[in-house]
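Pasting the structures in now, so scroll down.
After this come two complexes, each holding subunit A, first together with subunit B and then together with subunit C.
Up next, the complex of A and B:
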């Protein structure tokens, strides 16, 4: 039966591309050094063995899993975890994940690693929210894979192979995990402040000033015209918003509206492209003005929302161009 | 003629179908709010609301009339660039301080901006201690040379369309007295 929210059907190459790119995002989310690193002499770059580098080995302010089981969380910072074989195993896991064969074997360990690292990171006294989206996407994938295995009851063969239908559904649950973060954020704003949030948004320049001041005390360097347009943008926006509180309400308020309507990205490829592109622009503008880290949200939006929309457009354009060429050839 | 009850049934069925399709989304939304709803009464800090990867994403869920930032100074009162020396950014420093301040705020049952410098001092001292602990080993001797380090907080508010900053208030030192 037809539904308003519908998962798209993808070509095999699109699924391979999305899976491969997401594997790179997981690599970036984990404390694993890159294959290509700058030369110590500063002259160029060299290919090096990836290393597992965790900066903390305690949980001074335990959160989440660390409250009940700090040993599990700090296990990723033990000397054994710092050894080269541990990094090699994770690279193999990522390669296995990217290849897509037997996803139920490769996805849960990657989920566990991102959750342990995220929990350790958040147990240092300062909570950040930039890694959650990667873990939530992996959690949705793992849950779907387990559910699929249980539902089909193919205990011996169900975990092998990678049928396109299952792979397409993995993309679908990943898209829902990403959308969930926006909807939750919007609901929290409405729960905490109600619709008065839109009125209070005129106080946003205080947040801008605070972030600018903290950015200054990071390096004791004030942005100036010589650093370029982007460096002086936060100060310009601050002045503009102070002069026009209503403009401030409209601009900042549109962020909440966008978070609420993010669910429309699940209507189909065109909607995914439109909503995904607007959300990417939203994150890029906030990052430029507030120096906040949204790179994982941006990566996931580009891979699972913008990319399928672009590939669909290119495929349609290619088919039309081919048909036009055939028609012209017949006329000649 | 279609009866209202049958129309309601049709709408209900349609909504159920959509909910079934969006089941992963709905389940994740509920799970993200579980740490917030099932919070422990024993813990007073903001950490009780977080269970990675589940979070209710509280960033900018409210715009208060006042907010503050913190910075660190050396023995001569000169600000220290924390990031190049300790790899700790001011935002992290503020979050660490704010977490401890939330516990103190609950003790005194007052707003954070009404807490005196002396009341804030345990949080400030703990923040600077953690800054030194998080700094790389080679940075610690330099920090010792610069000590006593002080943590200052500055409040920002909007008055007549302009942002007003309070005088920096010393809220912690390292080594703690």
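Up next, the complex of A and C:
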């Protein structure tokens, strides 16, 4: 039976591009320093060896894996002994991952690293969520690859992601994992507050005030007009929403509707582009107003939803332009 | 009607049912085993990175809390700039300790806890800050006693947001 949600077929170069970009995102999510770093003098930049830098080596409030396996979790936090070679091994893993060769070999270790690092971070007494989408995407990829291994008993995919069908399915499960985070988030809001969530959304300015105050106490710096439009935006939104509770409900409520319909991003490339672009705008606006970090969500949306939509649009435009050119040449 | 039937027929029910079922699977510790959970306590158990049970912004509190630090002269301390700790992290830690105290006392309203109980949570937060989270930064800058203040925001009848500030710890 046909299904409404069918994974798209991608060109080989698109799959290579998506995989390579996601490898860079994993690099950014891990505590690896960049290749290019600013000079201490502040005059320019130099190329340096990446280093592995983890700031914690204990789990005072263990969560998840750290509850039963604190030793595993803290074992990645010995930078003095491991910074030189540990970073090199991870860079090799990332390069192997980016090439798409034998993903069953390169994906699980990267999943383990992001999970151990994320668990260590979340075991310090306060939980954060900004990194989780990267680990979730790797978890979905690993689960698919294991299933594929068991089902087909083939572990090699060849260099540069052959066969394309398998690579396409890896993109498909990654898209499902990302979409699931939005739908689950929406369902959680409805479960906790029901449709009263829309009514209570008028209290958002108080939350905004709280966030603005906390942002102030980070650096003791209050944003003002001199810092530019974006710096003073949260205060302006706070005043606007306080004066117009219904406007607040409509704007904030639309976010919940967007999360609920995020599943439409799985219908095809056009839907992925449309829903992905709106979700990126949604995250950028929340980041500007509430100082929350959605970097990794934005990266994944751009790579796995917006990019395939744009490449499809460019390909169609290119084909039409070529056909027009051929037709005009015949006429002449 | 036929279109609706087609749409329903094309919905990936197998995937939906599988994922829906997995939502209730809890990974329990020591020894690690899988179980099913449906109650509120199960939600707390389900925090297992990268899977989270934290229902972010699922409720809009009418009286949210945040905290800030000052020195003995009541001058605010830039917590991220000087201690490397985000104000949101500090708030989450204090909030967590408040909930532990509230649960022990058999109440759910953390904003209405007695000052001595809030001070208990405040001192745990300050000890964590000094002895675990920002030990080096505090030692390097030779920072003296740190005071933790709790702020509760409320909207008054004139639609203005008011602050109720309470000192909840000094260490």
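Here is the rule we go by: the second predicted complex is superposed on the first by the 320 of 332 C-alpha atoms of A that agree within 3 Å, B and C clash if a C-alpha of one lies under 4 Å from a C-alpha of the other, contacts with A are read in each partner's own complex, and residues count from 1 in each chain.
Here is the rule we go by: a residue touches a chain if its C-beta (ideal position, glycine included) is under 8 Å from a C-beta of that chain, and two chains touch if they have at least 3 such contacts.
The shown structure was predicted, so the numbers you read here are calculated from the model rather than taken from an experiment.
**Q** Between subunit B and subunit C, positioned on subunit A by superposition, is the outcome a clash or a fit?
**A** The answer is clash.
**Q** Taking the superposition as given, does A:68 touch the first partner, subunit B, the second, subunit C, both, or neither?
**A** It touches subunit C, and subunit B stays clear.
**Q** Figure out whether A:99 sits in contact with subunit B (first) or subunit C (second), or with both, or with neither.
**A** In the superposition, A:99 touches no partner, neither subunit B nor subunit C.
**Q** Considering only touches as defined above, state whether A:219 meets subunit B (first), subunit C (second), both or neither.
**A** After superposing on A, A:219 lies in contact with both subunit B and subunit C.
**Q** Would you check which partner chain A:143 touches, where first means subunit B only, second means subunit C only, and both and neither mean what they say?
**A** So A:143 only meets subunit B here.
**Q** Answer with first, second, both or neither: which of subunit B and subunit C does A:189 touch in the superposed model?
**A** So A:189 meets both subunit B and subunit C here.
**Q** So, A:173: does it touch subunit B (first), subunit C (second), both, or neither?
**A** first
**Q** Please write out, lowest number first, the residues of subunit A touched by both subunit B and subunit C across the two complexes.
**A** Correct list for subunit A: 1, 3-5, 60-61, 63-65, 114-115, 118-119, 122, 124-127, 129, 131-132, 135-136, 139, 176, 180, 184-185, 188-189, 191-193, 197, 200-207, 209-210, 213-215, 217-220, 242-243.
**Q** What residues of subunit A sit close enough to touch subunit B in their complex?
**A** Counting only subunit A, the residues touching subunit B are 1, 3-7, 55-56, 60-65, 114-115, 118-119, 122, 124-127, 129, 131-132, 135-136, 139-140, 143-144, 172-173, 176-177, 179-181, 183-185, 187-189, 191-193, 197, 200-207, 209-211, 213-215, 217-221, 238, 242-243, 245, 263, 266.
**Q** Which residues of subunit C touch subunit A once you look at their complex with the stated criterion?
**A** Against subunit A, the touching part of subunit C is residues 7, 9-12, 15, 19, 23, 29-32, 47-52, 54-66, 68-69, 76, 78-81, 86-93, 96, 128, 132-133, 151, 153-155, 159, 161.
**Q** Enumerate the contact residues on subunit A facing subunit C in the complex.
**A** 1-5, 58, 60-61, 63-65, 67-68, 114-115, 118-119, 122, 124-129, 131-133, 135-136, 139, 176, 180, 184-185, 188-189, 191-193, 197, 200-207, 209-210, 213-215, 217-220, 242-243
**Q** For a test of understanding, state which residues of subunit B touch subunit A in their complex under the given definition.
**A** Answer in residue numbers: 17-18, 21-22, 24-25, 28-29, 32-33, 35, 45-47, 50-72, 79-84, 87, 89-92, 94-96, 99, 127, 130, 133-134, 154, 156-158, 161-163.
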